[in-house]
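Here chain A shows up in two complexes: once beside chain B, once beside chain C.
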Partner chain A sequence: MSIVLYRVDERLIHGQVVIGWGHQLRPDRYIVVDDELSASEWEQDLYRLGSGDVDVLFSTADEARDRLPEWQASKLRSILLTRETSTMRRLAEGRLMDGEHVNLGGLRHGPGRAEVLTYLHLNDDDVRDLEAMAAAGVDVTARDLPDAHKVSLETLSKSRWKSSS
Partner chain B sequence: MRRALTRSAVASAFMRSFLIQGSWNYHTMLGSGFAFSMLPALKSLYGSEPDAMDAAVQRHLEHFNAHPYLAGVALGAALKLEAEGADPELVRRFKLAVRGPLGSLGDGLVWAAWLPGASVLALALYWMGLPGWWAAAVFLVVYNVGHIGLRFWGFRVGLSEGQLVGRRLERANLARWTERLKGGVALLVGLLVGALLAGDGGLAASGVLWTVLAACAFLAGLIIGHRAWRPAAVTVVAAITILAAVGALG
Partner chain C sequence: MSDADVRGVVVGHGDMPQGLVDAVRHIAGDVADDLIAISNAGKGPLELTADLNEAAGSGPVIVFTDLRSGSCGIAAAYSCKDRERRAVVCGVNLPMLLDFVFHRSMPVHELAARVVEKGRAAIQATPAADS
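On to the complex of A and B.
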């Protein structure tokens, strides 16, 4: 398997990903899946600045669904990033990511989001997306950095229920 | 029709940017400092429209983070966008996209290369016999010429390029400058430590034990060093090893 990390992180390519995960996983490229960004060249220029020498590929969600098997089989090691849980859910639909792990790394902003972990805020839609991924065979956990404690989806749902009630 | 940015509002934003961390907090980080820096410019643009002014201040109070010396890139670009009457959503997306690279480029260039570089330079001058307070003065001057120069360059580049500043930063290739600086600093550290070890009171008279220890350190550097910063680690440890060996044999 050659997508070495699937991560939901609204900051996309930034220090935690490049230094924290990148130094350990040694990716050959970052794949950013986002419909808006893949149509915006100036934003791509900015995100590319943060990746060091590693290539960055931008893709729409539809294109990513077509190319996912190719990326999974490729010799190139990729870190796949999305800003939103909904984009990752679209990739996982139809069991395209059966048996894969999705890492939740950072969400703060967004309507109705409540703090679940210091780096993770979720709203009802996010939780539905995550549950849909789990139902499609994906192992969903939260962990900001490779050395940090891994938090399971069950624990996340429980603490969200507590913080929003 | 909106008024243009005045020179004094631009100058004031730059001067205020030195205080951009002045109300740093975990919630918005540089957010309030950013809004504080934008305030005179926002007043000159929206002063006659209270609602637009409120909205503008609020959007710049939001969470923002970057290296403090390079935050001026975002500040300059935000000034340009506001003066052009850009869509607030564009301003928001620009600030979201630019904070990551400005953080990592600045951390690498300033905290990992320029600050240790200027410090080691001052230490080397002290070792060469410069009085201590002179060495400290050299450090302060050298460090701050780079520091203020970087702030000024970043602010100007942001102001002239707006949201397209990514291309300009790519051309400036700050990452390559960072690597060069780190290489130079590593060499300087290696020479300084080597010279100290080989000199009076160093390893000159200590014999084989130290050479063996140095060789072990070199091997450890080779094995563990790649996790951090390999070329630099190897340069430092190799210089120490060679000079320790020379010292022991000589």
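On to the complex of A and C.
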């Protein structure tokens, strides 16, 4: 397996990913799956500023679904990032990510979102996306940094229910 | 402060922006009142960019960030994109802010170049004293 981390984080390439996770996982590249960013060279350049010497590949969700098996089999160690749960869900559909782990690293305030963890706010759509991923064989947990406590999807769902009721 | 004076917004991680602004005030006095501190704590990229735009106002402004990349650097770049009277200065430090508050009547891009030079010049390794 050479996608060493699948992460949902609206900040994409930033300090926690590059320093916190990057120093531990030693990726050869970051793969950012995002339709909007894939169409904007200016924004891609901004994100590349933060990757240090590590390559960054931008991909649409459709292209990512086509190339996921190739990336999973590659000798290159990749960190795959999306900024929405819905994008990661699309990748997982059809059990393309069966047996993989998805890390929830940072979603902040948004429409209908309630705080589940300090770094994680979820709305009903997010929860449905995460549950769909789990149903597709993906282990979904939250953890902002490698040495932080890992929180299960079950715990997240309960917290979300409590915080929104 | 005149409307033409350059406003300063300091955006960074955690308590650092407010700490820097407080330090400027401690050293230089009330001139620090026109520096605005914005922390990224608890904010997503959109919220941070919105806060930056609100703080920047309509006049000339320099947005100081701690890191060139990451959430603060990216929000700063978004807030200044296609705006002639805004500039981003990354790697903010106290010496550059102290110089900034006393030269805010300069044209914004000249001032940005100046404070980068001042901030860079202030970073030095002091030789160890002879024992």
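As a working rule, the second predicted complex is superposed on the first by the 164 of 165 C-alpha atoms of A that agree within 3 Å, B and C clash if a C-alpha of one lies under 4 Å from a C-alpha of the other, contacts with A are read in each partner's own complex, and residues count from 1 in each chain.
One rule holds in what follows: a residue touches a chain if its C-beta (ideal position, glycine included) is under 8 Å from a C-beta of that chain, and two chains touch if they have at least 3 such contacts.
Just so we're clear, the structure is a prediction, and the values are computed from it rather than from any experiment.
Participant: Label the relationship between chain B and chain C on chain A in the superposed model as either fit or clash.
Facilitator: Taken together on chain A, chain C would clash with chain B, as the superposition shows.
Participant: Should A:14 be classified as contacting the first partner (chain B), the second (chain C), both, or neither?
Facilitator: It touches chain B and chain C both.
Participant: Considering only touches as defined above, state whether A:110 meets chain B (first), chain C (second), both or neither.
Facilitator: second
Participant: Would you check which partner chain A:47 touches, where first means chain B only, second means chain C only, and both and neither mean what they say?
Facilitator: both
Participant: Look at A:39 in the shared chain and tell me whether it touches chain B only, chain C only, both, or neither; answer first, second, both or neither.
Facilitator: Neither chain B nor chain C is touched by A:39.
Participant: Which partner does A:23 contact after superposing on A: first (chain B), second (chain C), both, neither?
Facilitator: After superposing on A, A:23 lies in contact with chain B but is clear of chain C.
Participant: Do chain B and chain C touch any of the same residues on chain A, and if so, which?
Facilitator: Touching chain B and chain C on chain A: residues 10-11, 13-15, 18, 42, 46-47, 49-50, 108-109.
Participant: Can you check the complex and tell me which residues of chain A touch chain C?
Facilitator: Chain A reaches chain C through residues 10-11, 13-15, 18, 42, 46-47, 49-51, 106-110, 118.
Participant: List the residues on chain A that touch chain B in their complex, please.
Facilitator: Contacts found on chain A: 10-15, 18-19, 23, 40, 42-50, 52, 108-109.
Participant: Flag every residue of chain B that touches chain A in the complex, lowest number first.
Facilitator: Going by the criterion above, the answer is residues 63, 93-94, 96-101, 103-105, 107, 163-167, 169-170, 175, 227.
Participant: Please name which positions on chain C make contact with chain A in the complex.
Facilitator: Going by the criterion above, the answer is residues 13, 42-45, 47, 67-71, 73-74, 77, 81.
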